[in-house]
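One structure is given below, represented as structure tokens, and several questions about it will come after.
Should a chain be cited, it is by its letter among A, B, C, D and E, assigned in written order, with residues numbered from 1 in that chain.
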């Protein structure tokens, strides 16, 4: 019985949403935004207010259609990903990751999102941004490590997402380039055994918020992810983290349609 | 007079609840989930909002029936325990401990819980998760200690529950395996005198939240539990705790029906 | 005129309250609970919500009568003291100190309190508990100090109450029993000049919350109390306090009837 | 036009207020309370809730009349000063400084204030108290410094008020009386150049809240005040401040009638 | 279609606003306030409450007209700048930077702002103030550096604004003037490569709030700004920052009319 209603809801949601997005928009060059240096990545997480769940399902579906419309409208310039944190993280319910060439474009998207009928139910936002950069190989980095780093992680779904913000201590920045490089090589070597099952991405956020780095992880094997973090905690570089997490965001990777389905129920 | 009403309420609650759960569900292999390594344990605590107590008892009972239904529905895949924190901990009113093979299953349960009619009254959630692992005996650990560790705690009810999250400092992780092992042996020896009256369980949470360990205790003798913690504070390993508690959760072990009875009144 | 109304209110309150508590209950052995070791002391502080003062006085009096009833009902097993913090502490409005042989009894009282018509107006609770223990005299403690310690404080009303929670640092616990003993003797000697005007009581709370000790003071001479704390800050043991206060609770000792009168106005 | 309304409002407010305070009360010996040792000074700051500004002006004026009445009624025993923080400090809107021989009298005033029709709009209070003491001249303090210290600050209005709470570190209290004295002499000398333009007052608060000192400043020249604080930050004693500010309260000195006028508009 | 409505809205807003500000006011000597020493700069940030967006657009436009009026009215004495933080900073939605000769004038503006129909929707304000001072060239500062410092940044729009509050540690203030000067010279040299693309301004806030400095940046090239901060983190002086950011405010520079347009939609 319950699953019948779920199926019906799913159908209704999809119909509404499809109808709402008739004028197809040209998508940003998502691949480029997600792989090139010089791109701003913004992580914006929100909780749903207490009124969200008290509304009729029809009202919620209408508002989710607006959400879909706002996202589609900005896909021309931005790469937008959504994640479900509720149930795994007490920090927020939803996480948006937005990649843009100009942070102003991201601001416009989040303004439109927060100003929409759906956005009126979003509270307690947390926003931090960082910049992607070319990997800065240490001069003496052995070629085999460089080669391994270029191997991408195994294909296939990686349902779990983890975001860990990092702030280094003042000692870190006062080290010489060589000293930092040597520590980063040790860090990199420690992470190699997990490069196939844990996908990583790094954002430089110094000055843009109260962080130095945003580290982003996707995996289907949380145990491997935990082993990776334990390995990283054992290298010298880890001692220079003044803040590691706080918050650590743990959630699941979802398509926008999946998020809409979850929130419609 | 008051106790008459209490008895009546109890009866009404039970009738409602029994009626609500006619289709019996197959329970997960609870024993396995609670004893084996490689299982994810999630601790989710919630407070009841100010509107909860203002509702008519009939409404509250209906919502508690929904709570029971949600829990029963997920018992197929999860081991779910409930605890009453209200009155002993200012952090939350209720604590759920959920064991699962996949964290996604736990997320689905908590989504259903928070999205239910009962869940609309839950606020201020705190969620942290950890992974059970095989005990990692130190190479030189004497056999008699290993033997004592395998002895389970005395049977019989253990009404009190305490959950203490722990984060180690960076120095801890930079020690060699042997150094950490030696300290853990000292830690283990200090805890042995309390193994019969205080039941313990350990979860590894590095990377999954802002902790390294979640320690879980059950006891009928809080004085023994306090002596255990004092003993553990005196060993060297304790000096490597950057965070110990914050929050310390103290409550009582309850069955779901007992929780429902308390909340129905 | 104002004092006439005050007198009238007082009368009305008393009449209501007396009527409400016809079936006298047998009081717990209060003296024993307050003097013996092995007793759990719980400090629960609450603020009144913004709706409290907006209610008609008659409604408030009815709810205060419920408060009185809940307290009386639990006096059989518990020693319950009340304090007025409002106006002297920004942390809370009311403080309950509850002594019990079993913490479960205290939990049941606070559940009944928070679940009562009066309790619906209580918000932002802070709860911490500790255990009384036999004074642990240092082996070499001179007899004259022991004798002085046994002298009780001067009789007579001590209108002010101060509660200071304490957490020791890790170094403290790693000291030898003798080293801690020597420091505690210095601490004790520093406090002797104030033993007559400042009444003290100590609770051990390690493991039960994020504290190691709860120190409780009553005095009619706040200046003496301040001199006592200054004297204690100058001994070596003070350097091992990682947390001292936060919150420091300052209020006045009141009977339940006095509290009811204040809140009824 | 706007100023006409302002004048009219002023007139209306004054008429109401004058009518409301017909029975003149005998004022406490304000000069003594403000100058003698052994007096308790309490700093209570409040924000106005969101409903305050939504009320009709007539309602607000009526409530401000109640405020005036409550203050007048307690002036018999207390010296009460008011300050406007709104617009200069994000911590609160209003600050009351209350001097009393007995803290219970201050508690009664704040109870009456918070319980009044005006007080229902006060939220988020912060309260800390301290005791005035005789200046404790260092034995070797040169006579010329003592003389300079006795010179009061220039007369004339000092529109700005700053309150900075201070907590010393454990090292401070473990220094010998002489060591602390020498540092305080250096501190005092550094402050002398500003004694004419910046009026200072010191309260000892150890044990009464989570502070050791409350420092109070009045000035018409904020630049001089800033130079004073910079000078004090350069002496050794400053290194023993574990907390300095948090909050720093910055506002303007107002008469009660001026506050009433601001809040009536 | 959407852009038509946007244009229409823009028109309506402008008409309303122009009508509302008929009596033109004489503007303060903005250039002087923004360039001279001895001026107080106040940074006041606010969030819009949840009711803001629920109002009809006509109501919002009326309230924004009030906002414009309040700002215009105070432009006689103050230099007022506005920034949009929403979507880039989780700290607040709007930031006002106010320059004044007397802080009382700024207080009056913020009182009028918060007391206006628009201001009733402002919550969670954060306010900090600082004083501009003459650049304090280190005695040995080479002339070429002084010359470079006097070159202003490239003209043209600088859409991004960043505000970073700073508190130095106690060690910093105990250094000699020469030691601090040498470190500041190193700091200055590190920042020179970015002086053309990143505009900077410094406020001294010791004693006025819980900060020592407020650093203000405008740029069109966030990457350059990030490189500047990274360069500054590598000099010795950075090790004396006890607080750097918390919050870091990131937003976009807007005219008041642009802000009004964004908020009207």
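In this section, contacts are C-beta pairs under 8 Å (C-beta built on N, C-alpha and C of every residue); 3 or more make two chains touch, one makes a residue touch a chain.
Remember, predicted model here, so these are calculated numbers, not experimental data.
Least-squares overlay of CA atoms from subunit B onto subunit D yields a rotation of 145° to the nearest 5. For this pair, subunit A with subunit C, the centres built from the Cα atoms lie 48 Å apart.
Note: centroid distance subunit B to subunit C, computed from Cα atoms, is 30 Å.
In subunit E, no residue touches at least two other chains. Because contacts link each chain to exactly two others and close back on themselves, their graph is best described as a ring. By the touch criterion given at the top, residues 50, 53-54, 84, 86-90, 159-160, 162, 164, 222-223, 225-226, 228-230, 233-234, 236, 238-239, 241, 245-248, 250, 252, 262, 265 of subunit C touch subunit D in their complex. Within the complex formed with subunit B, the subunit C residues making contact are 38, 40, 42, 44, 49, 103-104, 106-111, 114-115, 119-120, 123, 125-129, 131, 170-171, 173-174, 204, 206-210.
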